[in-house]
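Okay, got some structures for you below.
Common to both upcoming complexes is chain A, partnered first by chain B, then by chain C.
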Partner chain A sequence: MSAPATSPPVVARDRRRDLLGRQGRVGAVLLSLIVGTAAYGFFILPDDAGKARVGLPYERPSGANPLGTDDLGRDLLDQLLVGAGTSLTLAFIVAAVTTVLAAVIGGLAGIGPRWLSSIIMRGIDVMLVLPELVLFILAATFLGQSFGIRAAILAVILWPVPARVLRAAVLTTWSRAHVEAARAMGAGQSWLLARHASYLLGPLLVPVFVRTAMRVIIYDATLSFLGLGDPTVPSWGTTLYWVQVNGVFLSDAWLWWAGPPGVAITLTVVSLALIGTSIEDRLNPNLQESR
Partner chain B sequence: MSAIQTSAPAATPAARRGRLTYLGGRILEYLGVLFVALTLNFLLPRALPGGPLKLFGSPESLARLTAEERAQIATEYGFGDPIHLQFLDYLKSVVTLDLGTSLSDGREVTAAIADALPWTLLLVGTSIVATTLIGITLGVIGGMRRREGKGAFTLIGAIVVDSIPQFWLAMLLIVWFGVKWQIAPTFGATGPDGTTVAGLAEHLVLPVATLTITGIGYIFMYTRSSMLSVLTSEPVQHAHARGIPRGRLVRRHVLRPALLPVHTLIMLDIGFLAAGAIVVETVFAYPGLGRLTFGAIAARDYPLMQGTFLVLTLMVVLMNLLADLTYPLLDPRARTGANQ
Partner chain C sequence: MTLSVQDVTVTYGGKVAVDHVDLEVADGEVVAVVGESGCGKTSLARALLGLLPSNAEVSGRGVLRSNRHPDLDLGALTDWRGIRGRRIGIVPQGAMSGLSPIHRIEAQLREMLTLHGGNSEPTDLLERVGLSAGELGSYAHQLSGGQRQRVAIALTLAGDPDLLIADEPTTGLDAVVQGKILKLISSLGISTLIVSHDLTGLLPYADRIAVMYAGRLAEVVPVAALQQGRHHPYTAGLLAATPSTNRTIPWASIPGSAPAIGDLPEGCRFAPRCPIAVDECHTVRPPLRVLGDSEVACHRMDVASNATYPAVPRATSACGTPVLTMTGIHHTYRSRSRTTTALDGVDLDVGRGEIIGLVGESGSGKSTLARIALGLIRPTQGRVSLGDDEVTGARSRRLRSLQRRVGFVHQDPYDSLHPGMKVWSLIAEPLVIARVARGERDAKVRAALASAGLPESLLDRFPGQLSGGQRQRVSIARALVNDPELVVADEASSMLDVSTRGGIATTLRSVATERGLAVVFVTHDMGEAIQSCDRIVVLRHGKVVDKGDCAQISTSPEHEYTAQLLAASHH
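== the complex of A and B ==
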């Protein structure tokens, strides 16, 4: 947690450790494991893993199918491994797009002309009144469930909160003494940003990225669970959708069918949260006046 | 924040004027947001694929109509009118609470919403109270004991409960409490013997537990960090130096300022929880607004969808307004208008 920075870091290695802290390192290790799993599912497993029938329906865990099979005889472990890739790819793509959107829009609201800033802020106010989950369900129902559309919907709906946070950060940075001094000497906005503010604002994009990725994983799983996922691609949420549809929790099968995907979602989000909170803890507290 | 905060009595004319201007401005802002929300709601069925006629029938029945019949219906119901007249009609229907009839079961949309809303309010209200009490208590304790090692564990615990997907936790609760131990009902809001207090409470247990467990993490972390920043603030350190006993220090100097931002957060949460209860209401087949909304979207029931969406949005706006209006009661600085 927030250790007071009494002594300056001595060597570079220490500084890097400082950025993450013990908590963050646990999160990073966890996340690398999950990314490794996703890579295994993507590169090593055959293309139809988790989609093809490999055994009888409703088989109990065995040597051939360590987590048993689902109602169509598909391997549940394969679904879990392939699902990691689906979930993480979507999360990282959406988080990247959302971070860029939030940075550009929030930045414009912070240092752009007054009229533009007030238009953006009113727009954000309105977007924040609309219930996100309902919008997702609505958009997924009517626009379709393919990967690209899912990613676009999530990015379009998720940018306002981080944009507001980044705008606040830009405003705080712009009122700092060294930036004001540079401006008084005639520096332009883009020079200020590149030369005097980027080192303060840049690190803030990391928690924005991480937080967005967390929300994407939860929302994506929730939509798939509600039956709004792409049924042709194995994913954690889709597996859990079939659990619900087949009433699996009435039998013992929930243990190997419903348990692992839920644990996987939770662990992924926890690993991101650990990284996110420890980086936030270490950033300049002056810049954290969100909302 | 201004440097000098004179604690002027709230009744001075200048202060009162400041407060009124402030309130007036806020209310104007809300009217603006409300207007935009209504406009979006008006555009919703017109923007979705299929055109406005789908307000009156299923896609299959509409497909059987000839182009002439479509045109006739369109003129009859005013879809041929200029858009601003249609909008006025829409506003009138909202004010008179005449939101049309549901396509799937022919009920009045207003009646369907009126049936569902109390259940959601009961569910969400109970969970908000539970979440707030538990989350704030733990957060205050976590903030006070941050150095005692256990603090880190509670923080990690908060991160974990904050990360569990609601629908999965709901399933686990059903497995254990509903199927294995059979101590709580897993679906619906009332038992077979009608509406009894015991039946209501029994059916609330698992849904409320799901919402509460997944909700406390966030409130805990927020309260804890707010406590930390107030505990290290200058006024509190000064009060400590003056020798004010610890209990009184916490009660009078720490809790009030520390819980101010938490209050705002919770008010905003209430508005969104109604929409967020969609998942829980679906898993537990709870007859509330969330389930109604999800059913409406799944069945492409446009009038019902428009109605529920309107109510969900209005709830958020109302809670925002309520948060703003109650804030001055808690924060004397906002009461005197010193910050404006």
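== the complex of A and C ==
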């Protein structure tokens, strides 16, 4: 009836004002702390921080080296701070590229001709069946380990899932009455997309971005841990790789060597997850109804 | 007296939805609570069932009496277990999808019998609702909509309740089936409260009618007295606003729209729309007074029979040259496993200044035909031409330029307007798409707005700030703005309140006459088509079963199915 039908716009406006909610705000505060740390590591610390030998190998935490040093006498706190920049930069670049890829490919699969749609969807199915990690390890082994190549491989592997989600969203949007009315007016696809679909589809890109960033952090750490990252650039995963190589877990040095990067990875992923799920809860109409 | 309700008030966060309502249901009586959307009828029913959302506050008394159980004070209830189902049965809205898809009918009936301690057999329950024992082994998807609603009623009967509450029990069913379901409910012999928006549809089946308007009872009247006698002006308006299949009875509409729940007028709430209101009506609330067999809340009952409403005009001139010609249209929908024939050889032509009614029930292919006329769907076979240009062969750019010559009014006023665009931009959109010069747009938008019967003050509102009827007029203005040759209105009034439907039809008629437009009016309501169109085409299972002038269709239908539809429109 008309009373409930007229109220949703107001409700939607209220929700949009509070996009994050309490849970999302916790995530946002955490993430901004981590980004701040990364910025400190990138802009304030000297260029060779984390790479230069500043003390004796295997030193315990002290005033000069608050987290101690590694097997070459490099400062672990510096590695942690500089590593934050590496991990987050990779995460955000890959997330941006993946979101664009997913939007373009998913959109084409949604509104393109039927043959194109089937080709894309079958392609996505094949990508989903392949074991991602194995694929990633193979690619990293044979194509090299530089930053750009790692970013490219991650983007290529991560787009299929969000593309599928966005295709479904495009299909739903295209069946909305005001889109159909605009089609009947003789509007072209680009007009429909810009004027009628953007406000419905745009918000869905935010969770895609956040979730992808989250997965990139984990994959990057995994690869570095396996020794497939760039061992000369400090990153959280690289630190963990040296932990494993040196058998640190046999002594109590793991506490200040393996612990901090592990906690950093966990916190970053948790903060992104908090933001991602709370935004998605508010923007995805299907989830809204079930709340 | 099975149910007596006194002074019930329901508020949502301080906004009054139901305002001091008294109502009684006698033993075995069928009482219909009738009103338009937002009048509080559903809130009233939910209050009786304890099913209101948590932000609602209820006050007042409700007592359920029966000779088998002790009296029950509904207001004091905190635990509804053993009440809903056993004492009060609920026939839900949309029972079409309310049955379990994975259990057989028998299992669902047995579950209800166990739950409510009923002692009848599933077979008997099905028999009471007019289904055979053969349906016991069926799944919900194997039954038709009407059969599913019958099963839902059988489920309600399992607990052997004293009172049935049916909230819009026929929503989503075809007209022919609606009557049968209402007849079944009224023949059960149980005290029943039916909540509905369809006053005339209930007349043959209810004993008493309670008309609600803006949260208050306007009138409580026995059906026998309603069919003669004087009425509350609102009741008279509702009766006149229901299109009759008899062309000699004019079809009217009540001007304006029902007030929003937070913005109720002083005095009699119907006064702003009432044709016979005087100053007193705007200031003093009329009490519910006994008048003969009925109770009426109106200050002007002495002159109530003078209340007249504007009627939908008829065609004045003959139709002109054909605008839309469709010949031999076939269309099949293909999915992986099956093909469905939606249209099977349909011909249609519409001339200038003419309104064609495309009538059919759900699944008749009428919407598919409308979308083919709009160029949204390409038919499997057949030819569509607009003026001298063929639509069927046109693709991309040429198709879009043809589509700009056709206006479209969508069925759903709530979804067919982009929620983030203001009325001016909504109406101007076809002009932008057709690249009409910027300077000409404003004049055209204002002209279209006036043709659609809207004031210019609405131009900078968002659709969320408009009523359903106003939104549908914005849709009409948008369809008109680029001077189309043809307007396709797909069930343009089906989601609107009864009292405003006639207004939409009036607007369509006036634009057809003034602008020489051809209009295709798709509807499932035979009465509406007969009242507002020039010619009618009746579709069934993708075939034209009957076509002809409205007068001829209404008096002497050629096909048996048309006669059934006419009979189902029951007035």
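Simple rule for what comes next: the second predicted complex is superposed on the first by the 267 of 291 C-alpha atoms of A that agree within 3 Å, B and C clash if a C-alpha of one lies under 4 Å from a C-alpha of the other, contacts with A are read in each partner's own complex, and residues count from 1 in each chain.
Please note the rule applied: a contact is a pair of C-beta atoms (placed from the backbone, for glycine too) under 8 Å apart; a residue touches a chain by one contact, two chains touch by 3 or more.
Everything numeric here is computed off the predicted structure, so don't read it as measured data.
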{"item": "Touched partner set for A:Val243, first chain B, second chain C, both or neither", "value": "first"}
{"item": "First (chain B), second (chain C), both or neither touched by A:Val134", "value": "first"}
{"item": "First, second, both or neither for A:Leu274, with chain B first and chain C second", "value": "first"}
{"item": "Which superposed partner A:Arg183 touches (first chain B, second chain C, both, neither)", "value": "second"}
{"item": "First, second, both or neither for A:Leu226, with chain B first and chain C second", "value": "first"}
{"item": "Chain A residues touched by each partner, larger count belonging to chain B or chain C", "value": "B"}
{"item": "Set of chain A residues, in rising order, touched by both chain B and chain C", "value": "1"}
{"item": "Footprint of chain A on chain C - complex, ascending", "value": "37-38, 42, 260-261, 374-376, 399-404, 406, 408, 410-412, 414-420, 429-430, 433-434, 462-464, 467-468, 475, 478, 482, 488, 497"}
{"item": "Residues of chain B defined as touching chain A within the complex", "value": "29, 32-33, 36-37, 40, 48-49, 146, 151-152, 155-156, 159-160, 162-168, 171-172, 174-175, 179, 221, 272, 274-276, 278-279, 282-283, 293-294, 297-298, 300, 305, 309, 312-313, 316-317, 320"}
{"item": "Complex contact set, residues of chain A against chain B", "value": "1, 23, 122, 125-126, 129-134, 137-138, 141-142, 214, 218, 221-222, 225-227, 240, 243-244, 249-250, 254, 258, 261-262, 265-266, 269-270, 273-274, 277"}
{"item": "Chain C-touching residues of chain A, taken from the complex the two chains share", "value": "1-3, 5-6, 9-10, 176-178, 180-188, 191, 195-196, 199"}
